[in-house]
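What follows is a single structure, and I will ask about it in a moment.
Chain IDs A, B, C and D follow the sequence of writing; residue 1 opens each chain.
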């Protein structure tokens, strides 16, 4: 979050980041899918739950290893932790992983060809996709916490998705609300992230609409007056 | 949503679009009115329900035909589907049709005379009218889903309109909330569209107010100091 | 809401507007106070209710007379109704009168001395005061509608004020909600106006904060590095 | 909140402000901690409650004394009250003290070294931290008001924190809501401050994201096309 141009990336680190982009993107998707299956598959089907738990663990280790290698290659030591605070946070709080998926996907796209979308459209796509994935991730986590609790209003995964929608858009009906401590902590995190991300979507949409109307005006043939 | 100037529209397509503007605008209004009557008219009055169902179907076919002709005249093939993604989406999801009404009305206005409204006022008018029509459309759809359900809190069309108001403005009291799966899916769509559209209204109003205050300052005679 | 410079105001109209500013500001305040006393004073004290009703009626007539005189002096005929749409709307919907109070107060201030507030601060003050007065006005109107209704959750004027707070800020707890048709119509109006006005406050505050931080940076002595 | 450059600060006042920065920052933290312990410690442990009450009182006196000294040194008399309206308000409404903590911390940081954060990041940090501290402060105050009330939905401090989260982000589930008069007044204050502060966070995040995407585009090597 610094305005000044960051220090040049060492060539070995740049090479590592380039080579690991695609595998990490796949690992992120495997992580999300594994976690989803782990939560949503019914209890008795034990083998699946174990397999997905292993998958989630392995992908987490992959991310930890990647973080360690980059920390080493950067030659920055402790400063790396601060300048890459988002990576650090995501390593410690796995439900934030969706932010990494979008980040990696954006980088992969960047190498392929010039993006066809305008600046505002790209911000909307990035923030919107992050918000959607975060909402999905939070729905899984909250559903895992709340489903067994007696007074819970979040009984099915559909309820959890509905709750995530109402929370991300700050509508907040209150018909499905987490009641456990951990559920509320996840909810507070979703509120904070969602507010900022959806604010960015709304703001960019507004700017894009104003731009479109301004261009439309210019395009009109002057003789039509 | 591209920043770069779009490819020049082939003259035959431009001619078609110019000729079909007015009929399509009328068809959009007939579609909305037909759907409203179909939902709101009480059950026993069968003839009306059938007539409106036919009306809705015929106007949908008109829009499909128009889409097909434009797809052919553009000579773009599959690329047309991507560059006109909003038209494609509206064709598949009829409740989004209100966006088309506003779009067509704006185009009709454009040919007639120079719009009298400022840029921000036009964005406010476009986004506000779209939000209103979408809210009305969503109220009809949700009312159709929820009215027969036992635990529903949306029992009259007035309840549905009240729910749409509270949802579009993200107030979300929670006294009237959809409980069916389809009702919630429509609600989530309304939240997403409404958030973006009303954000554009709010943002433009804010810009317009700042502009007005800035101009007021300039207008004051300097000798009044 | 036009960008282009409005037609020059005829001198007789300008003179009229200058002379009536102060009386109209007073009449607006009398109107608001009279309406508040009319609603809040308990039933048996009949004389007060009648007096305030007369006050409200007389001030409304004053505003109607002023509107008529300005319509005549402008020499614009029907166009005046459109260019002064806010004045027209306020004349027909008295609860919007607070917008007029702020407008008149701003104009009175303008003649006296150069305003000391910055542009963003003035927008915040205008939009914030309008929102507060509208919220107060809507609380009175909703309280008048809801207090006698059996299932109402708005039983005291305190409840009505609390409801207005939660609605204007789009928090929308849902513990106090209008249930009558007219109450809900007023609520929808408050949501729409409040959303735009508070959005302007929030946006201006944000701009002002960014400006303040940017200036703070510049002010720092360069030798402190 | 004035745009024009403020009058130069008298050197004695500047010296006083420089010397008192650190002590006042500590006093602010002691005030917050003392108030938190006072509210959260269970009833029977009387000595702690008395100690913290004294701490809160002493720190308040310190702030009052500092305000008095600065009022005297500024040589502005009554104008000081108006130009330093935020300081005046915080002196009278202790729960707003967190705004002072952030202000003092920012000033202490300013003297030490050039801040490493960009403009938008600093606004986000300032507004976000203020919102967090205000939310914590409001949770304490509302918990103190509501815990003994029969119909209260805020029974534990966890409920109060959860309520503050839902209120600051304008989600407003309505499952935990203040019911006492004083509790609602505090809630209204939190809504107003929170809306503005979180609006600033959201707005700055949006601007920062757009900036980041715009810079990313520029950095890409042109030969990759």
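In the analysis below, a contact is a pair of C-beta atoms (placed from the backbone, for glycine too) under 8 Å apart; a residue touches a chain by one contact, two chains touch by 3 or more.
Here the structure is a predicted model, which means the values were calculated and not measured.
**Student:** Would you kindly say which chain has the C-alpha centre located farthest from the C-alpha centre of chain B?
**Tutor:** D
**Student:** Of the pairs A-C and C-D, which shows more C-beta pairs in contact?
**Tutor:** Most C-beta pairs in contact, of the two: C-D.
**Student:** Interface check for copies chain A and chain B. Shared numbers divided by all numbers used: above half gives same, below half gives different; which is it?
**Tutor:** At the contact between chain A and chain B, which are copies of one sequence, the residues are largely different (under half shared).
**Student:** Measuring centre to centre with CA averages, how many angstrom lie between chain A and chain C?
**Tutor:** From the centre of chain A to the centre of chain C is 42 Å.
**Student:** Based only on mean CA positions, could you tell me how far chain C sits from chain D in angstrom?
**Tutor:** Here chain C and chain D have centroids separated by 30 Å.
**Student:** Could you list the positions in chain C whose residues touch two or more of the other chains?
**Tutor:** 119, 166, 170-174, 203, 207 - these are the residues of chain C that touch more than one other chain.
**Student:** Please give the residue numbers of chain C that touch chain A in the complex, ascending.
**Tutor:** Residues in contact with chain A: 170-174.
**Student:** Where on chain B does chain C make contact in their complex?
**Tutor:** 116-119, 121, 158, 162, 165-166, 169-175, 198, 201-203, 205-206, 208-210, 213-214, 216-217, 220, 224-225
**Student:** In their shared complex, at which residues does chain D touch chain C?
**Tutor:** Touching chain C: residues 1-3, 110-111, 113-114, 119-120, 122-123, 126-127, 166-167, 170-174, 177, 181, 184, 187-188, 191-192, 195-196, 199-200, 203-204, 207 of chain D.
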